[in-house]
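You will see two complexes here that share subunit A, one where it goes with subunit B and one where it goes with subunit C.
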Partner chain A sequence: MSGAGLEDVFLSTSLASYLDKKLLVLLRDGRKLLGILRSFDQFANAVLEGACERVIVGDLYCDILLGLYVIRGENVVLIGELDLEKEELPARMISVSAAEIKRAQKAERDATDLKGSMRKRMEFLDLD
Partner chain B sequence: MLPLSLLKTAQGHPMLVELKNGETYNGHLVNCDTWMNIHLREVICTSKDGDRFWRMPECYIRGNTIKYLRVPDEVIDKVQEETTKTRSDRKPPGVGRGRGRGREEGPSGRPAKGIGRGQDDGNNKGGGRGRGVPGGKGGGGRGGGRGRG
Partner chain C sequence: MLFFSYFKELVGKEVTVELKNDLAIRGTLHSVDQYLNIKLENTRVVDQDKYPHMLSVRNCFIRGSVVRYVQLPPDGVDIDILHDATRREARGA
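Presenting the complex of A and B:
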């Protein structure tokens, strides 16, 4: 019987050391969720309490409060601990309302859609 | 407390389920299993863009299509309550199992059982044997739970 010391826990690939800590969870669809890890299992299914989604568009950002989340492990790209001491965001970032960030998000999406369609139309030019 | 036991506790509560394809399903959880397959009642389905809606009385969602579930905040308090309750309940079934086995495996178990059955029929409907089996089962299940926790 080898008793797992504290260091072993931290060096292991387990999420145990992250329990009850504030984390950032990046999902496969690009969403960034912040919340306190309350539980996890062998599939990295995770329970986040007080979860919020951080939407960033350019220099604007907004934390949209969501509540209690159960995330299916498959959709997780990375999980990282947040440093509560340090300022998490660069100084130039501006906090805006949810409505405003939604508008900015939509504008950005429309712009990328347009870019895509323009490129499609110009395909005959053989740009590559 | 595992994520799936939280989901089990959320039975009967309203919840939002987002699938990997971006569709969301709002409804009350009827049941779920260890694969995260879920059964919802009174469902409103919303398209990825959030511009189209469908209502349906119930639906079943295969677990592997789920991205995440959003459950009411009070469920986490409820699951903690339940785990402490089952922990305090743990000892009695363990004792019951021990007693049940002894009776069955004992050398004088067979003849005693024959007599006992007759008595049980007179006293109560749940025979001594019947009581022993669920007790043993419960004890085993809880033992597994303890190992995991």
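Presenting the complex of A and C:
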């Protein structure tokens, strides 16, 4: 890497141009982590400083502080650079406490479970 | 290496990348590497309402292993050249 000039860093596909920037990392399980990229390698293993998880349920959201995180590359879907000029989320979204978002998450999960069990009971009707 | 070379030809063109989690992102292809990791610029998510957290993402890195499709511009492929290159690669030349 010592031979690479500054231009090469910005032209290449490596994450070098994202170092020390605030990023959004999408994981394979659907989680969204935000933090500052401090290190990475060719597998997209990454170190995030000041990481937090952004939990979104409908129009509610909460950032849960996690600290220093090492993410194993295979779990990474996408790493996005956040445009600091732009709003991170639509204006309609409301920030709530961790307890509240957990409650909303549980309610959403229960609703999906209920839908699943209803569907199962109706399976004999051969819908869809 | 054929598709790596092929994608390198597409740098600067507008593409839509559909991921295995159904997220589809449109943007200008900035670069690609040997794992077919992709960097996009001026991105926008096709279904913005479903993915509000992507609102302020302008540039992104997509891990090659999570890509399902890359939708190309209609003039993005010269079939004859690709055909020749495929046969050449298959012969091991």
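Heads up, the rule we're going with is that the second predicted complex is superposed on the first by the 120 of 128 C-alpha atoms of A that agree within 3 Å, B and C clash if a C-alpha of one lies under 4 Å from a C-alpha of the other, contacts with A are read in each partner's own complex, and residues count from 1 in each chain.
In this text, a contact is a pair of C-beta atoms (placed from the backbone, for glycine too) under 8 Å apart; a residue touches a chain by one contact, two chains touch by 3 or more.
Please read all numbers here as calculations on a predicted model, not as lab measurements.
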Practice problem: Applying the touch criterion given at the start, work out whether A:E49 contacts subunit B, subunit C, both or neither, answering first, second, both or neither. | Solution: first
Exercise. Would you check which partner chain A:S39 touches, where first means subunit B only, second means subunit C only, and both and neither mean what they say?
Key: first
Quiz item: Is A:E74 contacted by the first partner subunit B, the second partner subunit C, both or neither?
Solution: both
Self-check item: subunit A residues touched - subunit C or subunit B, whichever exceeds
Solution: C
Quiz item: For A:K86, is the partner it touches subunit B (first), subunit C (second), both, or none of the two (neither)?
Solution: second
Exercise. Figure out whether A:S14 sits in contact with subunit B (first) or subunit C (second), or with both, or with neither.
Key: second
Practice problem: Would you mind listing the overlap between the subunit B footprint and the subunit C footprint on subunit A? | Solution: 74
Quiz prompt | Sites on subunit A touched by subunit C in the complex | solution = 11-15, 18, 24, 26, 28, 30, 32, 42, 44, 54, 56, 73-74, 76-84, 86-90, 93
Quiz prompt | Interfacial residue positions of subunit B with respect to subunit A in the complex | solution = 1-4, 6-7, 20, 22, 36, 63-64, 66-73, 75-76
Quiz item: Which bits of subunit A are touching subunit B when the two form their complex?
Solution: 27, 29, 38-41, 45-47, 49, 66-72, 74-75
Quiz item: Where on subunit C is subunit A touching in the complex?
Solution: 19, 21, 23, 25, 30-33, 35, 37-39, 43, 52-63, 65-66
